[in-house]
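In this document, chain identifiers A, B and C correspond to the written order of the chains, with residue numbering beginning at 1 in each.
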Amino acid sequence: MDLLQNALVWLFSPEQFHGEGSLPQRIAEHLGYTLVAVVVAIVLALPLGYFIGHTGKGHVWIVGITGGARALPSFGLILLLVLVLGVSQRQSAAILALVLLAIPPLLAGAYAGVAQIPRSVLDSARSQGMTEAQILFQVEIPLSLPLVMGGLRGAVLQVVATATLVAYVGLGGLGYDIIQGIPLRRFDQTLGAAIVVALVALVLDAAVAGASRWATPRGVLLGSFGDVRARDSSVARTR
Amino acid sequence: MKSLRKTTGLTGLALASALVFSGCAADTGTAETVVVGSQAYYSNEIIAEIYAQALEGAGYTVERQFQIGQRDAYLPELESGAVDLFPEYTGNLLQFYAPDAQATKADDVYAALESALPEGMTALAMSSATDQDSYNVTADFAAANALESIGDLAALEGLVLGGNPELEERPYGPFGLLETYGVTVSFSGTGDVTVDALVAGELSVANVYSGDPRIAEYGLVTLADPEGLFLASNVVPIASGDWATELAGVIDPISAALTSEGLVALNLQSTKDQLSAAVIAATWLEANGF
Amino acid sequence: MDWILANIPLIGQLTLDHVRLSVIPILVGFLVATPLGWVAHRWKWSRGILLGVVGLLYTIPSLALFMILPPLLGLSVLSEANVLIALSLYAVAIMVRSAADAFSSIEPRALRAATAVGYGEWGRFFAVELPLAGPVLLAGIRVVAVSTVSLVTVGVLVGVSSLGYFFTDGFQRRIVPEVLAGVVMTFLVALFFDGLLVLAGRWIMPWASLATASRGRET
C-alpha cells in the first residue's frame, strides 16, 4: 500500500527523532500526562473504593457515578475544563479531565474487587481475631487485586486514548501530528502518527497487564478467571 | 449539517440539472434551491448566512450545509455541484490549489486563483474585506522592542511563534520568517488557545486572523508585512457550475458592501454578544440596505 | 443560559444527528458480536484468537483509528462512513467479550435439559441459549451504547458533525454554555439509550429482573 509505505517513510525519517516536536518528545509528553493522571486517580479512587467495598456504605452511589461518568464525552470535558479554568491553566485542566475519566474504572475495580470476596472468607478472618485493618490489608486487598488491576488497565486505556486529544488545546502529545496533518493534507503523517499512538497504547496496555500479573499473589491468580478487564463491564472506555 | 448532505446534495444536483436542461428560465419567482456551505469557522458561517439570507430575500430557497470541516471535504462538493456557493478566502484557497504560488497582492492573488480553480468552480467578485493570517504581538512587547514590521523581530532572540499546528509547515510559517525576514523562532502549536497564550506571555508572536475581534480587544499590534510573506486573503464567494452568473447578481453587491472593519464587527457580535449567525446576518443585511 | 435559550433548534438538530450516528454502530455491534461471541464460547480454541484481535482493536485510540481505516478501506478520512465503521469496530470489540461471557455463563445443565427435551442445535440456540444469555448480553450492549455515544463526538475532528460541534465552536468563540450544552446533551443521549435498553430488556426478558432480585447482587 502506497500510503502505508509513505507513512513508514515519514515515521522513520530523521526529522522525527531530533529537535522540537520529535516523536520521542511527543511520546514522553503523552506518557507524562498519562502517568500523572493515573497516579492521581489511583490515590483518589482506590482508598475510596476500598472504603465503600469494606464498609458497604455508599455503594449505591458507586454504581451511579461509575455508570454516569462513562457517559461523559472526554473531548468535551477537556475543552470545558480548559475554558473554565482558563487557558493559562490548560495543562492542569487537561490533567483534571484525565483524572476524572480515570477514576470510575479504578473506583469500580476496587469496589467490585472487595465486594466479590465471599463473606465466608471475611468471617473466617474475623473469627481468627484479625482486626479490621488487618483484614483490609492482608485479605481484602490481595483478593481484590485481579479486579483492581482490571480497573487499572481500563483506566490507563481511557487516559492514553483521551490524551491523544489534548493536542487540540496546544498541549502536545502524540495527537499533535494527527491534528496537524489533517489540514495540511499530509495523510502519510496522520497515518504514521496514528500507528505510533496505537503502538504506544498497545505496549502500555501489555505492560500494565504484565505488571498486574506480577503483582498479584500466586494463590489469588490461581483462583481468578482469565482477563477480568472487560468482564467487569464498568471498565469499558468511552473516549 | 453534513447529515442532510446526501439527500440535499442529490436534490441540489437534480434541481441544478433540471435548471440547465430547461434552459435556465429567467423567472426569479420560482423557488430554486441553492446549497450554501461554510467552513468550521464561526466567522465564515456568518458570511455564509449573509449569502443565504440575501438569496432567500431574492426569492431562492436555500439549503444550508454549514460547518463542513476541511477544504478536502467541501471543495469536492463544490466541484461536483453538491454545494453551490461557499465563502472562501483568496490567498488561502490559492495556496490550497497552487502551493508554490508567487502572487501576494490582492489583485494578483485573485487573478491567480481564477486560473487555479478547477473546472466547474468560479470565483465571483471578491470583497475588500480581508481575513488573513497576520503576525501579532502584545502592545507592551511592541513598545519595549520598538516593533512595527515583522522584520524588526530579526534583532530579537528566544522568540516563540504560536498558531495552528499546521502553521509550522506553511510557507509563511517559521521557514518563511527565516527566509524572508531573517527572523528565527521556535514554534508552539497552540491552536485555538493562541490568542490567550500570546496575552499570557507564553508566546512572543502569534498568528491571528485579521478578522479576529480580539486583536482590538487586547490591543494587539499587527506587524506590517512589507515583503509580502502573507498572501492577501480577501473574502471571495466561490460558486459551482452554472450558478455563477446567476448568483453574482445577488452576491456581488454583498461582497462590495462587506469591509474588513465590518467583518471584525460581525465577529465581535458572535464572540462577545454570543449572537447566532442568523441574527447577526439579518442585522447586517438590514443595516446595509439589503 | 442566554446562549442555550437562543439556540434550542440547533441543539435539537444536532442531538438528532447524534442519535442517528450512534444507532448504526450499536446495532452492528450487537448483530456482529453476538454470533462471534457464541463462536468464541462454543469453540474454545477460537476464544484466544478472537478476544486477542478484539482486544488489540479496543486499545487503539479513536482519532488514530479514524486515520488508519481510510487507507485500508479506500475511504476518505473526512467521511461519515469512516467514523461509522470505526465506531462499529469498537462496538464489536466491546461486545464480543460480553457475548462470549454471556454464553459461558449459562448453566450447562439447562442446555443438556433442552437437548434432552428434543431441541436441535439451532432451536436450542434461539429458544434457550439466547434468552438465558440475555441479561449479560444486555449489560454488554448498554456499555456499547454509552461508549458509542461518547465517541461520536470525536468525529467532529474529521468533519462529522454531531453534538461535538458545540465543543469546537464553543471553544473557538469562548462560549462556556455552548460547550456545557454539548457535554450535557451527550450525557443525556447516553442515558436515553441506556434507559431505552433497560426498558427493552425488561419487556423482552421479564423473568430476568426477578432472577436478579432474588439473587440480590449488583452488576
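The definition used in the following text is that a residue touches a chain if its C-beta (ideal position, glycine included) is under 8 Å from a C-beta of that chain, and two chains touch if they have at least 3 such contacts.
Because the structure is a prediction, the values reported are computed rather than measured.
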Arrangement of touching chains [line / ring / star / complete / other]: complete
Most extensive contact between chains (C-beta pair count): A-C
Distance between chain centroids, defined by C-alpha means - subunit A, subunit C (Å): 20
Inter-centroid spacing, subunit C versus subunit B (mean Cα positions, whole Å): 39
Residues of subunit C engaged with two or more neighbouring chains: 77, 156-158, 168, 171, 174
Of all residues in subunit B, the ones touching two or more other chains: 70, 72, 192
Subunit A: positions in contact with at least two other chains: 82, 168, 179, 182
Residues of subunit A defined as touching subunit C within the complex: 1, 3-4, 59, 63, 67-68, 70-77, 79-80, 82-84, 115, 157, 160-162, 164-165, 168, 175, 178-179, 182, 187, 190-191, 193-195, 197-198, 201-202, 205, 227, 230-231, 233-234, 236-239
For the subunit A and subunit B complex, residues of the former touching the latter: 20-21, 82, 86-88, 90, 167-170, 172, 176, 179-180, 182-186
Touching residues on subunit B, where the partner in the complex is subunit A: 70-72, 162, 164-166, 168-169, 186-194, 196-197, 200, 202
Touching residues on subunit B, where the partner in the complex is subunit C: 1-3, 40-42, 67-70, 72-73, 192, 270-271, 274-276, 279
Footprint of subunit A on subunit C - complex, ascending: 51, 55-56, 58-68, 70-72, 77, 94, 97-98, 101, 139-140, 142-144, 146-147, 149-151, 153-154, 156-158, 163-164, 166-168, 170-171, 174, 176, 179-180, 182-183, 186-187, 190-191, 194, 218-219
